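Before I ask anything, here is the structure I am working with.
Chain lettering (A, B and C) follows the sequence in which the chains are written, and residue indices restart at 1 in each chain.
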Amino acid sequence: MDKVRIEEQIKELGRVDCRRMLGKDFLLTWEKSDDEISATFLVAEILRGMRECNISSRIFDSGLGISIFRDNSTRTRFSFASACNMLGLEVQDLDEGKSQIAHGETVRETANMVSFMADVIGIRDDMYIGKGNTYMREVARAVEEGHRDGVLEQRPTLVNLQCDIDHPTQAMADMLHLINHFGGIENLQGRKIAMSWAYSPSYGKPLSVPQGVIGLMTRFGMDVVLAHPKGYELMPEVEDVARRNAENGGGSYTRVNSMEEAFDGADIVYPKSWASFAAMEKRTELYGNGDFDGIKKLEKELLAENAKHKAWECTEELMQTTRDGRALYLHCLPADITGVSCKQGEVAASVFDRYRVPLYKQASFKPYIIAAMILLSKVANPGETLRTLVAAARPRRP
Amino acid sequence: MDKVRIEEQIKELGRVDCRRMLGKDFLLTWEKSDDEISATFLVAEILRGMRECNISSRIFDSGLGISIFRDNSTRTRFSFASACNMLGLEVQDLDEGKSQIAHGETVRETANMVSFMADVIGIRDDMYIGKGNTYMREVARAVEEGHRDGVLEQRPTLVNLQCDIDHPTQAMADMLHLINHFGGIENLQGRKIAMSWAYSPSYGKPLSVPQGVIGLMTRFGMDVVLAHPKGYELMPEVEDVARRNAENGGGSYTRVNSMEEAFDGADIVYPKSWASFAAMEKRTELYGNGDFDGIKKLEKELLAENAKHKAWECTEELMQTTRDGRALYLHCLPADITGVSCKQGEVAASVFDRYRVPLYKQASFKPYIIAAMILLSKVANPGETLRTLVAAARPRRP
Amino acid sequence: MDKVRIEEQIKELGRVDCRRMLGKDFLLTWEKSDDEISATFLVAEILRGMRECNISSRIFDSGLGISIFRDNSTRTRFSFASACNMLGLEVQDLDEGKSQIAHGETVRETANMVSFMADVIGIRDDMYIGKGNTYMREVARAVEEGHRDGVLEQRPTLVNLQCDIDHPTQAMADMLHLINHFGGIENLQGRKIAMSWAYSPSYGKPLSVPQGVIGLMTRFGMDVVLAHPKGYELMPEVEDVARRNAENGGGSYTRVNSMEEAFDGADIVYPKSWASFAAMEKRTELYGNGDFDGIKKLEKELLAENAKHKAWECTEELMQTTRDGRALYLHCLPADITGVSCKQGEVAASVFDRYRVPLYKQASFKPYIIAAMILLSKVANPGETLRTLVAAARPRRP
């Protein structure tokens, strides 16, 4: 990318309305307007361009980015750290094993105690249905009040790094990858994307990836097809979002119970395992009751149910049925690869291998997406700020 | 806060003598002169003002702040990280589980090995009577020698983040809260503060909070009343400090065995559980002998003893007896709240709830206090340094 | 050190050819030319001088340094963090317990996922013969491909923080200590260094320290004598390197089976325990087969074998036999000190104590060595870059 392209994108940014993003959290993509989504893509691309041109994007002289991971994570952790570093923030991890965060007033207290100097808080909490997003909103309310009451000098911006409902940094990175792959957001119109369940020998993978995909990709005129075996339904309210998006955006949203049907003629395929919504709700209930024997029993049942659907695998044969046999294969990684990471999994080794480089590129957009979400929440006039940085052209590295 | 107020405070700073703080550690408040304590409050307030005016307080281009926590801690950890970040230092945690620090020559060696680029070392070691402060002085001696011998390019400043004797960053933050609440240090004269033991179902909370409070608050003309059941005495040498302070400063120090007496007409109340000094000494001895059965037995005895004093609770009725029924309630957090975090605890839920915002504000001063301690140890002419930063007015955030 | 001396060293740097270091990893000292080794020492010394003159050496505005430690480490961890901080990079640790790195494609994937913003990756992997260096090269290949394929904006430089074959940051720091001690690299010619095995009650210490020493110190005209009991041989290919170095550099490499013979008339002694190469190969095989009973059995055998050689201790008597009884004692720390850290160990307490300050100085060179390795890989014209930094003389600290 060169400076001319960056300047064009900054001009484009001036034409979209992102004023309401100032001071706002990024929790669900469907809480953002089309302009706001576009602004996020544009800023992510500008930041990427600046980095490639060795132009510093530090907008902070100092400050902290707090990460709260309630589930292990290497990729998201490093993406968040990268985004913070790019903007000049230092990451501090809140280790919950040590700090024992809970809900209610304890959340309010801890949220304030760690935020005295926090400009951003990134949270990943995807383990239990009905819990993750709720927890994020509790933290958001706490820091909002803390700031209003003069406890916090600044109001930290929350970024949802994956919850029970949505995975906005993933879905947005996925879509920016599509935009780059197909040469522009306008070229996504009419493309068919198959968001399909796939078999995995493991249990209880979050619903937030497929939900994030159908909740976002239905907005820009794509034909989104969700495929899964019966019993692996997503949250109904997210499907409602997808239907509404499709109506407004000129695309479509369909649900089928066959991987073959979804893949047929698709431009993009996203085969991935997830747990059934109903089972996850049951698990949350058992967990709430502290019924760990019940959880173990449920796990066994779910693995047995999963095993009935081993045929849901992204094979070479299936890939042949996509448009020109060359659909773009997506995955949030790590994938369960047949014969490699497990005996039988989500995808055939030869398919995965052929798409390895595009898959890594897909992931590489996430730090820029997170940085864009932060920047748009922190800067009143992002175009102006970015133009000034580009003009100053302070080198990032020697 | 505005720039005019900041400039006034910088002028005030010029009138106090803090020259001897250069290159010195901050281990016990009573090792510092009244001027040095005042300078710390002033610099903390100036740094807070600068942050509110979005003026960078980075005095370091690069450098490390090492934190050594020998006990879990979220609040102090984040306060230290915030203070370091504000000044331009990057935090590196020394994880003792991994590094197995011990006493003696091992302390000397490890202290040097982690300090080649360390400008500050913050230590929390409050678990055993006679150990924490001793350990800090061992580390201080080690880095002093290391610097003298040419091993360390710089002599890192030590900040006591809580030991067995004092908790200077807490007591100083508490007092800065009082200064702000009552509108100036001069308005603390003649105020009655009740530092009172309170019942908690947990065991062995450190003595350093009440000790820090009586060791500091007796200096500025306050009437400090310490209240606790018999057997919960503090370290005699710290009480001596409190008595001496009171004599020199025109205030008073009294000890009573009734929460009612302490609260009566008080301007400020600080009800909080702690372990008895004698029991903690016994525990240290058992620990030294590796007698873990003895420790368990002792724990049972102490909990039984504690349970005799459940009436020591900060209730609405007691609060009514304070000055105008409106004393300022303090706590270092987290508190044991009756019916919330435990069945019966240190404070009634309605009292705690009413003071939630002031409590959070109290905590919010700690990062600035720590940063002030560091700055005053690192800068020969703090007034000049701060004036230059304010004049430059480099923005901290966009 | 003063600015005049720094400028002289920068001039000297201009006379050595280090152009090929740009973009290259630092994995084995013997993959670098004599000029490149000299350049690394020079840059380390220049960086140390700059720090002493309070001149910032930040060459990065932002960026990440990733550390991957597959074995616990305090010293190396802090040295790497210090080096990164000195240059303006923020450290992010990859915790393998959480991220479960393995070999093969998983290495490729994880290496890319953590490197989107990584300028440097420091790896310590010294546990198994045939694994550590191989793993580093797998990571190197992965990020090389990632950069070529447009996945990574930059190609992170790898620094070997200890592998199964070499410990370049240790050996280079050791040698820079010698250069400083003897007043110049030219004064090392003809010096006798005894790299000797010594008894330790622990088991399986890595071979990479003695291998690093014989692989590096044979290059500059020193007489390197390796001493160990039969059965504690080093990797033959590293001995070949030592022999070749000695031939080319005018020094010598000898192997003896007596500590006495090695110490006799030595200028420098480096007594240190290590495991036998054959045993470590066996352990790697057992580990590969998941034979943990076999590993336990092997461990017992090795400890029994070790115990036969308790006489291999660096005593006062042995030190008396060195040149003028005053050889410089080296150790990579921590040492097993007789009567201090163990009943019987590598070195007598009185010997160790006498050399404590020089030992700490020896260790203090490591952060500068690591920073030099990074800088030389990142900067096209290091002399020019350093000259500009020195001229700008931006203060590092207040």
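Everything that follows uses one rule, which is that contacts are C-beta pairs under 8 Å (C-beta built on N, C-alpha and C of every residue); 3 or more make two chains touch, one makes a residue touch a chain.
Here the structure is a predicted model, which means the values were calculated and not measured.
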item: Turning angle required so that chain A lies on chain C, C-alpha fit (0 to 180°, nearest 5); value: 120
item: Copies chain A and chain B touch via same or different residues, half shared test; value: different
item: Centre-to-centre distance between chain B and chain A (centres being mean Cα positions), rounded to whole Å; value: 41
item: Multi-partner residues of chain A (each touching 2 or more other chains); value: 90
item: Contact set on chain B toward chain C in their complex; value: 59-64, 66, 90, 92, 94, 98-99, 105-106, 108-110, 112-114, 116-117, 119, 146, 149-154, 378-379, 385
item: Partner chain B, residues of chain C touching it in the complex; value: 48, 51-52, 56-58, 72-75, 78-79, 81-82, 85-86, 88, 90-91, 333-334, 340-341, 356-357, 360-361, 363-364, 366-367, 394-398
